[in-house]
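Listed next: structures, encoded as structure tokens.
Look at the two complexes coming up: subunit A is in both, with subunit B in one and subunit C in the other.
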Partner chain A sequence: MTLLLIPGLPLVSFVILIFFGRRLGRLSPWVSLLALAGSVFLSARLFVSSLHPFSPSAIHFSFLWLPLGGRPIRLGFLADPLSLTMCGVVTVVGWFIMLYSIGYMKGDPRFSRFFAYLSLFFASMLTLVLADHLLLLYIGWELVGLCSYLLIGFWFERPAAANACKKAFITTRIGDLGLLLAILLIAKTTGNLSLMNLSETASRLGPLAPVAALLIFWGAAGKSAQIPLHVWLPDAMEGPTPVSALIHAATMVAAGVYLVARTLPLFLPSPDALLVVAAVGGATSFFAATVACAQTDLKRILAYSTISQLGFMMLGLGCGSAGAGMFHLVTHAWFKALLFLGAGSVIHALHHQEVTRMGGLWKAMPVTALTFTLGAIAMAGIPPLSGFWSKEEIFTAAFGFSHPNLPWAGQALFGLASAVAFLTAFYITRAVLLTFAGPSRDPHAHPHESPAVMTVPLLVLAAGAAGVGLVGSPWLGQLFQHFLGAEAPHGARGPQWIAACSIAVAAAGMGLSLLRYGLGVRLSPGALAPAFSRARGFIFEAYRVDKFYQRVVIDPVTRLARAAFSFDGRVIDGLVNRTGQAGLWASRVKGWVDQTLVDGAVNGAAVTVGKTGAWLRLLQTGLVQNYLLIAAISTVALFLILKGV
Partner chain B sequence: MIVPLPYFLVVGAGLFAMGLFGALTRRNAIGILMGIELILNAANLNLVAFNRAWGTPEGTGQVMALFVIGIAAAAAVVGLALILAIFRHRQTISADEIRLLKG
Partner chain C sequence: MNHPILSWIVFLPLAAGLLCLAVPKRQESLLKAIATGATLLVLVLSAWLFFRFDPGLAGFQWEEKVSWIAPINVWYHLGVDGLSLPLVFLTALLSFVAVIASFRIKERLKEYFFLYLLLATGMLGTFVALDLFLFYIFWELVLVPMYFLIGIWGGPRREYAAIKFFLYTLAGSVFMLLSILTCYFASAPHSFSIPLLIEQGVALAPNVKTWVFLGFFLAFAIKVPIFPFHTWLPDAHVEAPTPISVLLAGVLLKMGSYGFFRISFPLLPQEAVNFSLALGVLGFINVVYGALVAMAQTDFKKLVAYSSVSHMGFVLLGMSGLTAAGFNGALLEMFNHGIITGGMFLLVGVLYDRTHTRDLSAFGGLGSRVPVYAGLLSFFALASLGLPGLSGFVGEFLALLGCYPTHPVITMLSVLGLVLGAAYFLLTLQKILLGPLNSKWAGLAEISRREIFTLAPLMLFVLWFGLWPKWILDLQGPALSALLVKLAVPHSW
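== the complex of A and B ==
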């Protein structure tokens, strides 16, 4: 029952806010904060009790939903280490982001509506995370998609936001199709959609297991913005910044990673499926990291960085290590939420997002600058901050990856991961330097530090971004990986040089960025400048994937729609009009028949009756004595007739 | 001396004829009612006479005659009341002038 309350409390808050939000006004965030605090508390209690060595490892609660004949569908919630980890991240990080939103959304005309949507998002996300059943997971999955749509388009007066939310919804729908197909395939083949004992399900699926796994990955790719469905996430930055932090960085986009981690037993039997996950994750990661290096919009830098980091998690999962992927998910949630909220604080102060017009904010916004830098260092992967530990896990997993036919796959993935780590350190340092360091590039800016309701969450998240990695570090004996317990993390540790290499690439990326953006050293020779700027433009437009989709997918679909529309207008409408005219003629004929034949018969009957009546009324003189006479004569006549005269 | 049955019948027929004639020819509505009373009494006379001539069971005709008298009284009440009502509305009780039922 406690499990039911974790998503239930935010749902109650959503219902309250959607109906009474206008009346509650400025009090509305406290309703949702209180409800979510309840969820935090309950998750924490479950978390603590699951740490207890003698308690059952998973708490399960289910109820009958649809008594469908011989195959009743039960819905239920499952709290095992994996879902409790997600639960903790979602509720705790989410709580602080919500607190921050009070400051950020202050004065918005739909203030309480915003918190209603956030509450609905938490209810859906926690349902997704705690579901014990693919069907319930899918329900939560679609609901978070809906919330994402509502929140990206929260300022729907702006055409860019309206377009972005449509794009996000449609793109993720394409991914959802994959998940739906996977669910149908598993239901048809095994009839068991439970998320427990998935390895048994995998063995019952037999040769279909990789197919189901890849379909699930297709769905996860849509939600987690992996190539080729990554295009929606940068545009999703049109939403309010707390939404970007919560949904499009820390939690919802991580749902794809969570799904793959959850269903990893379906992937494990097939090295090919794993390789696809790792390759797509790695390619996405590298691609997005390069794009992030060229962006000038602070939120878009972070958006591409999110895509890149999600790809990184997928890379870790594809190497067969749920621990590595999930660990990076947790640390990423903290430092990326921190970075987004820091960016939000900057945007709140300056009212624009262009890093080229920023600079010199270090003095004006010390708390924001400090926490943002801390988040950046954590993401770059400098020990002992959190990003280092989780990246190192992924490096180790990548290095240990082995494919029967491709012996070099592990090394290739390791190389890719190193390149991504280098680029990550480079672009995030660039963002920090352009935003906070040096002189101000905008003389009209009057930046100011944000109010305490915004800086306190920043400080808390900064503490988390710094410290949360320790739970998975070897200093604490890789507590986190043991807690997940899915696999023994490669028996011993990877070679020591992996950690050294990880630090080296991060330091190299940061150093190069410092050289270029901090000290202003021109790194490219002048002769190559035109070529560089062309390449830069190409990368800046994210390799023109959007234009490619526009030409290859959207334009043909639009043309098809237009063709269908004109077909509709000419053929279908013509057919309908002809049918209508035929009906008109038929009814005219019927009208004639009606008026001539039917009315004639009716009128004839009426006339006959009328005539007879007129004739008979002559008998009715109204004189009582006439009647008496008729009666007397009739009696005599009757008498005579009866006598037979 | 026993009066034979045909005598009664002749008197009854005479009464009936007078009653019918009165009912058919009188213009006054009260006269018509009186004619009808004569017809009823002719019937009563016949009932009593037939009972007396053929006997069994004893008194049947008399009982019927008594019923007829009672009903005739009731009918006269209703009829006279109707005539009164008509007179109040139309200031006349002449049967020629009352032809509301003319079709």
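== the complex of A and C ==
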């Protein structure tokens, strides 16, 4: 029952706020903060008790949801190390983001509605995380999508926000189809949708396991904005910045990573399925990192960075390491939430988000500048901050990846990961320098530091971004990985030089960025400048994928819909009307036949009888010789007929 | 059962309707009171049935059986089981809600309520009749008041829509009558009794049975409506006044799919199995084609009408699966579609009453002007697009779950309908509610208490069955399992 309360408390807060929010007014956030604090406390208690030896099924609660003859569906909640990890990230990081929102959303006409939606989000997200059953996970999965829709479109008067929320929902729903089909496939083949004992499910699926796994990955790709379903996330930045931090960086978008980590036993039997995950993750990661280098909107830089980092996590999972992927998920939640909230603080002060019009903010906003920089270094992967440790895990996993037919796959993935790490260090340093360093590029700006309700969460998250990586570092004996129980510690091969390589790549990226944006050294040779700027335009528009989809998917579907409608009206309904008209016509013909022929026949019969009588009367002259003549003629005629003439 | 409670439920509206005829024309509030009182009483009685029903018992409950036309062995035979009870309750609920929504009708209130209550008797009777003769009478009884309700109180093209609806449905019924008579003469002694015919089985040559099945199929398919027999629906829905659209979508369509469950499947089990694939294909077409056509609409009401075609496709998919999950999903989806689309039509009416337009491009930004209306519209739209936590999801999910083992490819293609559904509903929400407020509607009035009162019970059930479907599945499950046994298909899920 405790488990039920973890998502239950935010749900209660949602119900209270949706009905009494307006009356509660400025007290609203405290209702949701209190409820979420309850969830934090309950998860912490479970967390502590789980540190003692326990079996995963020990903390489990289920109920009958769909009684279906011989195969009832029981849904339930399960606390195991994986779900508790996720639960901790969501509730703790989420609590501070919510606190920050009080300052950020101050004065908004729909202030309490905002916290109602956030509460609903926590209820849904925690349901997703704690679900012991694919169907319940799917329910939470769709509901977080709803919250994302509501919160991206929170300022729905703005057309861009109205478009973005619709795009986000529909794009992720295309992904959800994969998850739904996986559910149908697994249900039919094994009859068991439980998330416990998935390796048994995998063996029962047999050759279908990779199919189910890839369908699940399709769903995960939608939620976690992986190629080819990544297009919604940059636009989702139309939502208020705390929403971007919470939902579109730290938690919801990571649900795809969590799902893959959770269902990893279905992927493990097939190296091909794993390779697909790793390759898609790696490709997305690289693609988005390049786009992030070209953006000038602070939130869009962070959005592409999020896509890139989620791809990085997928890369780790694809290498078969749930530990690496989940570890990066945890550290990323802290430093990316910090970066977004820092960006929010800047936007709060300047009322715009173009880095080209910023600069020199460190003087006016020291706390924001300091914490943001810390988050940036953590993400770039400089030890001992958190990003370094989790990235190193992914590097190690990539290097150790082996595929039976592609012996070079591990090296290739490792190379890709290094390139991504380089680009990451480059673009985030660029963002820091353009925002905070140098002179101000906007003479009209009057920046000011944000209130304490916003800076305190920044400081807390900064502490987390700095320190949380230690739990998975070799210094603490990779405590986190052991807690997850995901895999045995890696072999002796090369963690030392991998770490060195990782640091070198990060330092190179930061250094290059420093040269270009800190010292203003032009890096591109003049002769290449035109080509360079064309390429930059292409990259800036995110490789024009949106336009491509518009042409290849949206327009044709719209045309198809119109064609179907016109077919419906002209052909099908036309046929109905034609049939109706034919009926009408037939009845007119029948009416005419009735009037002219049938009635005519009746009337005609009378007339005929009358006329015939009149005519026959002519014969009845009463003169015997006439009768005799007729008789004679008739006899001759009869004789001739009978003779057969 | 001692009390003829089903007779009360069926004939109370008729009695009230006759009472309306005796009331002077000008006493409008009395007319409203009579109609409200009668439908409320019916609702209370059917709620009582709903709670007192014992799903553990096999067969029918509250059965009434009286010989009616002895020479041809016609019985006045009523009864409910887990299959019909949800639909009786749905009819009672929507009849009550739509009476409240009818208060805005201004013209010829007396005739309106008489016809309305007559319609209610016809609908309720269809769902409780256990004698084919009686069933046919109730089935046809629905047509006449509906024809007048659309034809007199409808929109600009009401006469065309009414006559189209009437003739189309009547054409289908003729074939049903032929099938009924064939079954009647095939039984010995000749009987119209549905339970008896099911028990005996229809003793006919297989090819004749196929024709009998097709006869029933045509009548039910037109009512559901199944592609390509659906084009009467957008016309009738759009032209009908709001409360009548609610009943059309909410109840009349269910008469078709109920017919499959009550008559076609148990009477002709082998044919049902043979037709399963065809039914699945038609379900797919309904789902995807209906959604595509809905997407192209510019008229709000027509969009909802075509969304009905799409949703009824899920009912067909569930049926075609011939599994417990599929049947449960289909029946649940029938109920859900009734309350969700009923709600949608009420909301279309609310907006139309205020703006006198249904053109989607005429709105914009209403979310900031009428937040409560916006919240309710979003709620029903989300329920309609199958958001988990709301009842539409459970029905659709079960239908797909049950269809997949039998027709995997069809199911895989049909899930596209979920994306299309999300697309056209969100597009609609965006066009009406989001964006900057269209200055034309700066003075738009918020939804009234009476209107909220009509929607509240529907919302309650959308949430209830969305969060806790066990309750209704427990109720309908055994009857559907018995039907599956009859069909003798090896079933999973």
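We take it that the second predicted complex is superposed on the first by the 553 of 645 C-alpha atoms of A that agree within 3 Å, B and C clash if a C-alpha of one lies under 4 Å from a C-alpha of the other, contacts with A are read in each partner's own complex, and residues count from 1 in each chain.
Here is the rule we go by: a contact is a pair of C-beta atoms (placed from the backbone, for glycine too) under 8 Å apart; a residue touches a chain by one contact, two chains touch by 3 or more.
Keep in mind that what you see is a predicted model, and the values were worked out from it rather than measured.
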**Q.** Touched partner set for A:607, first subunit B, second subunit C, both or neither
**A.** neither
Q) In the superposed arrangement, does A:629 touch subunit B (first), subunit C (second), both or neither? A) first
**Q.** Touching partner for A:162 - first (subunit B), second (subunit C), both, neither
**A.** second
Q: Once the structures are superposed on A, label A:180 by its partner contacts, choosing first (subunit B), second (subunit C), both or neither.
A: second
Q | Larger contact residue set on subunit A - subunit B or subunit C | A | C
Q: Please indicate which partner A:48 is in contact with in the superposed arrangement: first for subunit B, second for subunit C, both, or neither.
A: neither
Q) What is the contact status of A:139 with respect to subunit B (first) and subunit C (second): first, second, both, or neither? A) second
Q) Can A:66 be said to touch subunit B (first), subunit C (second), both, or neither? A) second
(Q) According to the stated criteria, A:638 is in contact with first (subunit B), second (subunit C), both, or neither; which is it? (A) neither
Q | Residues on subunit A engaged by subunit C in the complex (per definition of touch) | A | 64-71, 135, 138-139, 142-143, 146, 149, 153, 156-159, 161-163, 165-166, 169-170, 173-174, 176-177, 180-181, 183-185, 187-188, 191, 557-558, 560-562, 564-565, 568, 572-573, 575-576, 580, 583
Q: Can you check the complex and tell me which residues of subunit A touch subunit B?
A: 616-625, 628-629, 632
Q | In the complex with subunit A, residue positions of subunit C that touch it | A | 164, 167-168, 227-228, 230-232, 289, 292-293, 295-297, 324-325, 328, 365, 367-368, 382, 387-389, 393-394, 397-398, 400-401, 404-405, 408, 411-412, 415-416, 418-419, 422-423, 426-427, 429-430, 433-437, 469-470, 473-474, 477, 481, 484, 491-493
Q) Taking the complex as given, what residues does subunit B use to touch subunit A? A) 20, 23-25, 29, 32, 95-96, 98-103
